[in-house]
């Protein structure tokens, strides 16, 4: 089972990202589970969402405490020193940031990649919503779930121009990272 | 067809498959996604039903009461405070023997206000005379919802389908949605023999005096007793058509020969089963009793299920302050007639949405190894957070 | 069109089944009735044998309403005297499909019934009944919701101005200065301190198609309003002044007389509002002093204590309230009018047609 | 044991199993057909309320048939009757009494005009025959009712024409002779009635003959003889007594010369009123009526009011008659055999020590007026000749309401004394005929109708629309003659409209109030089964005795009575 934890701020689409990731995994033939850390938070507040991907039915219902992967949609969240608590030692973290990877790498023993998803999103869809770009990058890095599954998941959620722009965005984003770089981190 | 769906969305689609004629609901977290999805289905013309946007849960329950009494298949959903606001009507619905279905997206009851999952709401209406079924997954919730409609009309009793708020309602997972053809084959059109009808103008909800009230209550109780068999039969019938059952009254999972058992309702059962997988080597495998039917309470089946157990942990997601866990107390009462009844440890977990990690399996089993283990505790409460005089 | 003829066929069948006279000469007559009761030339919505007190205004009003509305209706009834006296199990006095659920939810239950009829494509009209307690007070929210959602329901409130079922406690409909068991007169109080809630104005503010007040003293007017409301698609509301001999403390024979005086003095104006706008009133030919109305009732007896200066004050206050009603609704008649508060009572040999359609 | 229903529903109308009539502890409503005041006071025994009920439904002929069940001559009584029915009418308190006599008159005229048949069958050939002495209103009524009751009647009349007082005592201005003849002849034409004119009892046959020849004998000779009049024993030699003066005038159209001067009429009945008006019209200088009674007014006790048809009094006053009330003639002032003046003295009827009223003259109130003529009109009496053994004093004095004075012998009408109206005579005829029928059948005497009268307080007037009494045209004083009828008629529309004003006192109006307002649905509407003539029956199984129907019955027909058990 692979466990993911997505951090973001209300309005950035963290829950949507979790659902998309789960849906992509489902498209790729996995079982999946995605849910938010349910809160009463409003737009702008820190939020979390969780994803589990496995080949057999997922029984566990707790929050993801020891993720294999973390996605941080907003680098300002890293002001919280405990944000990455529980990330497996062999785990990896994808951070949405214009800063270079090096800027974060020294703070964590796990692997970290900084990725300017917001810029890509603004360029592609005209809105600063980084979630699909981050997912594409994550999938490219892990290669557990193919990009086509994410595209299918997107097709289940969006249509028209929004879909087209997002499809273009994930293609760009996937190419912007090193494919299979985190392949060995975890297996479903 | 297998799909990755959010629980609420799946429930809305399952409800739509039953072709309800009247839906009435008042929004409350975490039930909202269900009714939003249903509203959308109606708005999109995918569901031909009267969707009544009421001004309170009280009216939601009243509307579905009226609708079912008038002969329509009716559905509502609520949670928490909404259930308590409905409670007066809930007693009425069952007392009038009006068949309808409600989803309870289980949530704690304030105050203090808390929007997260536990089962205090459904426990607060345990005596309301409804059939109350619990689901451990969204798949079970979908299947149980569809079964509930048939159960309601065959027993003449209202059915509440419980699913943990957020933990199930807001969770996307893979669900095998039955097809319309399957549901049509399983579920006959709604029929309520006692419905209001100008052709045969009966009066429902008459004043019953002490001369008859005990008989009325007895008959209600007896109907609940008879419903036990119906719950199992309908689960089997569903399996026959759809190929999947939801666990009848209760099912026994894990190590069926184990001397230690864990009994629970709802999604926590899944976590316990995951814990079993992960920690069986460490603390041993337990027998896990997944209780699906809380009302009617399957006493006989439960006595059979605990046979051979020395110890039984009953996980409660609600407490009755001043007594202990609700489910635990009931289980103890039911097992008290057994000669070699297991020792019951009743632990409340995850009140107000506190996350229940899979390590809890280990912690529970470890705790009861101690002879001095408490028979009841709010297990995951950190008493250090309390002032000494409040511990 | 096919639907229409289906419905009218069904209505005819129902009428025949329930012994109601045909609506027009072209309709067939009911089959021969077996008993005199069955042969009555009106629909009996509320049958004999109910347990209402002698001279119950509410029983009379409910009988008149169901007579005019039935038989193709179904009723949701709030808890209250009406429900208790009509349906002590295993008996019921109703001859219309009827359901009682709770005190405060009749409008919501009716909403559900109406939604069911809509879903099933049936034309059966849904009625909801409540007393003033169930309507002005505890069921008010549900009522407002029902009106706002525009359900095709006729809501009838039988206003006897207190919680009679539980033993005459004051409600928000209890008139100013009336004694009840929870607004007794005493050294410090002259009965209820507050005013009767102007429910009709609140109802009118929902801009529903039709809202009206009626009185058991004017059965023809009452039944006309019921028939009118029955013909309206959408929510309609009727408040019926229904004296309670027990609670108002008047002779059981005086129920209609008391109600008549309430109208004729202006304390209970009979008005009709379409979409919130006043469209009709029953003019008062010669307004009577409120004391004519009050003196018949024990609940106002303390207002006739000559040794209490407050008594005259309260009488004057009630007179001012009546005068206010007369002014704001323009109730004062302009001479003789066959449908004013005097003319509406008039009978002639062979009777009014009350109750026949 | 009832089988418990799931959800405890109950079947429609099952409350009928619960008989709430057992709650009725003290009072129950009943239908009480009280007498309407008009009916109660009608000397002829008409039930005006009953025939107005027919008119309210537009059933004119039925109304007439109902009327003539008591009074065969409504055209006559509608003109001559002082209509105590209108005085008693409860509508007086609302907006004026019903114009009963006008409608009655219209009905009578309508029947003549339309030729409606009286509701009688020809008597059998062997039916008993009753001898009737006198063809005045009493005799005619008796004959009619004999036929109505299956008997035959043979009338013996002294005069060459039938009609009696109607012809001889009532001026044509009040009762046109064509109207009288039309109605009277219709009665006389009925099969079974034989009229013998110019037959005088005592001259042409004896009472004993009649008793022998006929099944029964009815004596209605009227009062032909003026009562003796004098003032303390003094009688003017050229005395003209009122009734004969009238008859002279009707027969020959002349009055004595003295009638051109100042005339005093002494008396207080309709005859006095008629002679006053005729003399005024004939050119008297002045006519003054001296009467011991009072004029109608708020301070006048009912039994003190002058006993004349109210409208006649009204018309007489219009025409200029002077009336001195509460007075009598105390002394005649003569110059030789001519009367020159009278002394008038005030008096009052006071209750004496024995409880009976007597006249008390007040000394010191005397005043003298000069006159040319004094006409006494103090009443008439029976000519006792031919009735020897049957009469003691001025009148027949039967000791029973039927007028029976001997075995199969009855006395009717004016001959029974000062009860004095045509309607009373007609009533006597009916009652006597019924008594004869019973007597001949060997049955008990008919039982008198002793139902109570419905008072105004017993009505609920909220249910009656206001509507003023029909106004009837009257001949202006200047146009009045000896012949032309003074009071005009009313139209069909007016008659029917007036009928709508009837309050139906004491009888069911079929208004549906009880049926509409019973909270317990315990009033059943059924014209067929309501044997009391109403349209409703009480279902005492469910009536709780609240009294609402009693209160809201407009006519007082529903009353509350104590529970018997």
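Just so it is clear, A, B, C and D label the chains in written order, and each chain counts residues from 1 on its own.
The working rule: a contact is a pair of C-beta atoms (placed from the backbone, for glycine too) under 8 Å apart; a residue touches a chain by one contact, two chains touch by 3 or more.
The structure displayed is predicted, hence computed values, not measured ones.
Set side by side, the interfaces A-B and B-C show unequal numbers of C-beta pairs in contact, with more at B-C. With centres computed from CA atoms alone, C is the chain lying nearest the middle of all the protein shown. In whole angstrom, the spacing between the mean C-alpha positions of chain A and chain B is 34. Chain D has its Cα centroid 114 Å from the Cα centroid of chain A.
Annotation: 65 Å between the Cα-based centres of chain A and chain C. If you average the CA atoms of chain B and of chain C, the two centres end up 43 Å from each other. Across the assembly, chain D contributes residues 5, 8, 10-12 that each touch 2 or more other chains. Residue positions of chain B with contacts to 2 or more other chains are 96, 200-206, 208, 212. Residue positions of chain A touching 2 or more other chains: there are none. Of all possible chain pairs, the ones that touch are A-B, B-C, B-D, C-D.
The touching residues of chain C, when paired with chain B in their complex, are 14, 17, 71-74, 76-77, 83-84, 86-92, 94-102, 104-105, 107-120, 124, 126, 141-142, 144-145, 148-149. For chain D in complex with chain C, the residues that touch the partner chain are 2, 5, 8, 10-20, 23, 53, 56-57, 462-466, 500, 504, 509-513, 515-522, 524-526, 529, 537, 539, 541-542, 544-548, 550-552, 554, 560.
Residue ranges on chain D touching chain B, taken from their complex, read 4-12. Residues of chain C touching chain D in their complex: 36-37, 39-41, 44, 46-57, 59-60, 63-64, 86-96, 216, 219, 245, 251-257, 260, 336, 338, 342-343, 345-352, 354-355.
Residues 95-98, 156, 194, 200-206, 208, 212, 215-216, 219, 223 of chain B are the ones that touch chain D when the two sit in their complex.
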